[in-house]
């Protein structure tokens, strides 16, 4: 079936499908695309992961730097999370300074991880007031067919959980030790397509859809981060339905991270 | 009376009025618009002022930072003056890096204050060679109907004169003390409109006028700063006439600053 | 003879001349334009040179700064080489951040000098781990009629060889001493014009030509740097022919540098 | 959220440091017409926050390439003045202000009838002159009033409030200390007539039950602020 | 080149630290179709270098002002991912990557039949995910395969290899340590069918005889890599 | 102005450190045609200041959006070369050079007959190669000669000079030390035929009487420099 790529026609087409509760690739409303996670894939990173969701492919890499703690928090290290979507990732990504879209992507993923408290920054102190670890998580997309948010979030937490503090390289010890990561925050994203929310929108659904909602849940269904993006109005009922799905899907993805860790 | 806003027609209209020594809003050639000054208006600034001249409204805020003195001037603090005209201030101000106009604005106002010597930078030293106060004066326009120069200069000196060195916040003393400001430099600006200079041009007169001259005078009629802006030729006689008016008007505005101080 | 300046016509014109092994200004294929070198021409630089090749005129200036050596190389100073072609230099040079062309120019000239090892960075150490000299070579074109590469390289090495370490200014000694420069690397550049390579292309030949090859040779015919620029294909034979010419021409130009030094 | 569990910000009787109960708003006052050269403008004083918003347009849309054939473009900027914060804020767009500008634009685009002005632009400028927690909510609320003041047609106004959690207690409308040391922050943009949402963010840690309580506080507070907005628009210019 | 003469990188039998002889290449493997949304793509693993390249187009050329009436524009970018290097690389274009982008574009323009697509643009994106010496060669080789995979017509493919000098011995295909501490580096871009060149750089110190030896190593290695490229394109997508 | 009152720069006989009297100019020499590829050019050596100026045009004006239907656009840039100052100046436009470019353009636009070249652009490029106080005056003077050398019609040339105050004495044409440690600086741009002004700045502290003296010095010096400009233009190219 030919799928129109002119946004106006695409919208109409997706709306038509939605009336029969269908999606253009045959998925059910809450069904995700095939999702794969690999860890330890980047040799020069201290922790890394590759995630593929359908035709969306992203990498996450963890690097460490030594920082001076802020004067008011002498016992704390830092976490920095940065997302880049370079023009390699698709015909519409442009070179140049980060677009508003990619800035939002980085900040939303960053928040989900940061706010869960999974990285205990007090644990990153080396010498109080003088030296601490700064954890840098770089998210890097090479193929964008939609839902970079969830792909980045999944690759990000998996990369962090596989990361080794490079104590040998920095001449602090005879062996590296794992970065302590106490929780596994997981993001689920929903797009309004043809008037109703669906899970894991692909590139076409993003192009012909409306607002999106990103939910990051922690190990115990606690909410750590929310973000509504794009123009659009939603009701309390719509939100409750999404939240319910997120609670069950996050558990499955958390399982996938744990399995990858054990296989490592 | 309808006033044309196409610059070409506006120029012609203003020139016609000028022939009868009239201005488009009924003012006399050396007459200013209604001018109001308030101090202490911004809670998070260490000194602040709001100036309204007609429909032009600006704020000035003073903040302090601790700086390391320059090696060749171990006893000196610093003064930094920065002007921003953000797009909030009118239909023609654009976002983006500072325009040549706003850079000139900041530099001209800065010079008038700096060159008067009203801030004794030797007075800002805390520990010679190690710590000194840096005074930061931020000028911020929210409504531009012309003559931002005089509005900024007036708000700036008033904000400085109301500023308190935040010695409590920086744990240097039990109480804050006033920033010493020894003089009250005042700027008066003149625009050539319809072939002759007028005082306090409004937005329309700026749009349909030619060159402008900015004069900053100190307490004793001393000249501290001059600037001619825009394309245009003027004679020595024209300049003398302006200088004479500036001497009397600066006294009035200096009085306004002193009154606001006392009322504070 | 009128010379067309539309690139398409110019290419055809130059190709026609090439068939008879001629060039538009009457030079032979391997012949250079009149080349002049002056040193000590910029009063505020610690070393300087002016080079004129035909209507191409450039300056080189050497300045020194004190730097902290990199932790892994506590005994080394630094060399920085920066090329600027500002809009003063010709009708087609635009203001703004450095163009890819001028970045390439700076890097190619920098490499020839750096890779020859003529500046012994270990010699620039003042206090190991604490202070060292940073040599800054600034290349500056004021008139571009082609072959800025060779003009910059020649001015650059001559300026370095005339430079005095400003030990008096930095209060380290009672007299300045010459910067030690142990070799005299020289660049020769070749452009493919009308299907064959020529030496020292002028502005018109650059405009109507194809790829260019830059060769930097040291005192003993050692190769220190190569760069092929622009679109174009060349054979091993073509390259050998160029290399042979470069070996003889570099000797002549090296002589010119030595003569200028002695005259200084 | 800072998450310093050891700063006591609410007592055993549920009284907060500034005297409010858990569900209470800070004082809010609104004026219109505060920027004479703008087509519409508003000032919102909310606690000690001070925001102004200006609306320019509908006007010709340039650069042309951003023009839309079927509707107006809404160009929204949120900015903090350099003197608005305790430590001076360096002028210039940063990532935070870019993102807030974007979510504010997304919220407003959901209600402004942009189709009424094809090929035009409407500029919305939000300036925070004094910042004391919740500035994105204060700015969005101010922008909403300024749009109404400019006579730009909207399906509804947007009211924005943030509730959160301090010392394990869910409270309405965090002040600065509560924002710095609290455990969660839930800003929402609410359409007062339908109770629908156009803006939603959240940071921190809330159980599902706490989340529901914060949501409900926001809904109640929005109705209070909405009345103040309506009164300001009825009351005429400053 | 670092030029630290005192790091021993090759023994008296001509065996290098990673076990190779002077004229040996590192292991090279190539896959196509690794970026599903691109019109052509390739991954090259070369030693422990890891590069991907994507080709988009021919497509409409915008901005218009860079459009060419008689041919397509080739828009080439080389970039290193922040996690590709031992010390993290700050994102954003720097002078080095600008220059490599330019010489890569110059090399590819020499073989791509751009006249077949007037007024169009072809984008070539090279991303280094793991960098271990010779990334400009690896990237140019990957781009060449990705262009072929996208079906863009070329007179020949470009194969790129760098030989150099370590401890006064000329060797083929420098690895990271050899690149850091070696005395010269000669990267070339070779057309395997004619032996002609489209790319040439060199840094360091080589006598005329050493220069010739390094040149010859590159020529031989290019033939080996070319066969791997051809096999990858014949083998179908990953 | 630095305003270090304790540096003695003029003795009791009114003799300055470089031997000049209060009203004396530094030596000034001017050459034309020093930039062969430009349409007009000039070099001004003024004391130890060294400035060159090039004029390109009238030429087609692009980008189009800055084109003017009724006159030419005058595009003026003032820049200091990195080696022009005692401490190296980082390349790139800074606020100071932007402002000087603007006031220089304003001065020149007042005399160039731009209406004669509708839709065109005239570029004026000023480069300071050696800077020793008063570079804005030297640059404006050089630009004026270069415009005349390019045959661009003007109502008059602009001559620019700065007088000032050192150790409470008003003096003409400040040198570097006097500029660093002096108490006031009054640069002016004068039309020598009418005595009118097109450029005026001032910094420091001058009583009304001192101000008049500095003004008068500038007027006198302008006539001297004007003659040197005229001679250079008559004398033919370097």
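As written, the chains take the letters A, B, C, D, E and F, and residue 1 is the first residue of each chain.
Keep this in mind: a contact is a pair of C-beta atoms (placed from the backbone, for glycine too) under 8 Å apart; a residue touches a chain by one contact, two chains touch by 3 or more.
Computed from a predicted structure; not experimentally measured.
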Query raised in the report: In this assembly, which chains make contact with chain C and also with chain D?
Result: none
Query raised in the report: What's the rotation, in steps of 5°, that superposes chain A's Cα atoms on chain B?
Result: 120
Query - From the options A-D, B-F or B-D, the pair that copies C-F, where over half of the contact pairs coincide - result: B-D
Report summary line: Most remote chain w.r.t. Chain E, using mean C-alpha positions, is B
Query raised in the report: Which whole number of Å gives the spacing of the CA centres of chain C and chain E?
Result: 27
Query raised in the report: What is the distance, in whole Å, between the centres of chain A and chain C, each centre taken as the mean of its C-alpha atoms?
Result: 49
Report summary line: Expressed in whole Å, how far the mean CA point of chain A lies from that of chain E is 32
Query raised in the report: Among the residues of chain F, which ones contact at least 2 other chains?
Result: none
Query raised in the report: Listed in ring order from chain B, and going the way that reaches chain D first, which chains are there?
Result: B, D, A, E, C, F
Query raised in the report: Which positions of chain A touch chain E when the two form their complex?
Result: 42-45, 48, 55, 57, 59, 61-63, 65, 82, 84, 86-91, 95, 97, 136, 138, 140, 142-145, 203
Query raised in the report: Where on chain F does chain B make contact in their complex?
Result: 1, 3, 95, 98-99, 102-103, 106, 109-111, 186, 191, 194-208, 211, 215
Query raised in the report: Contact residues on chain C for chain E in the complex?
Result: 100, 103-104, 107, 111, 115-117, 211, 213, 218, 220-236, 239, 243
Query raised in the report: Any idea which chain E residues touch chain A in the complex?
Result: 35-38, 48, 50, 52-54, 56, 59, 77, 79, 81-88, 91-93, 123, 125-127, 129-132
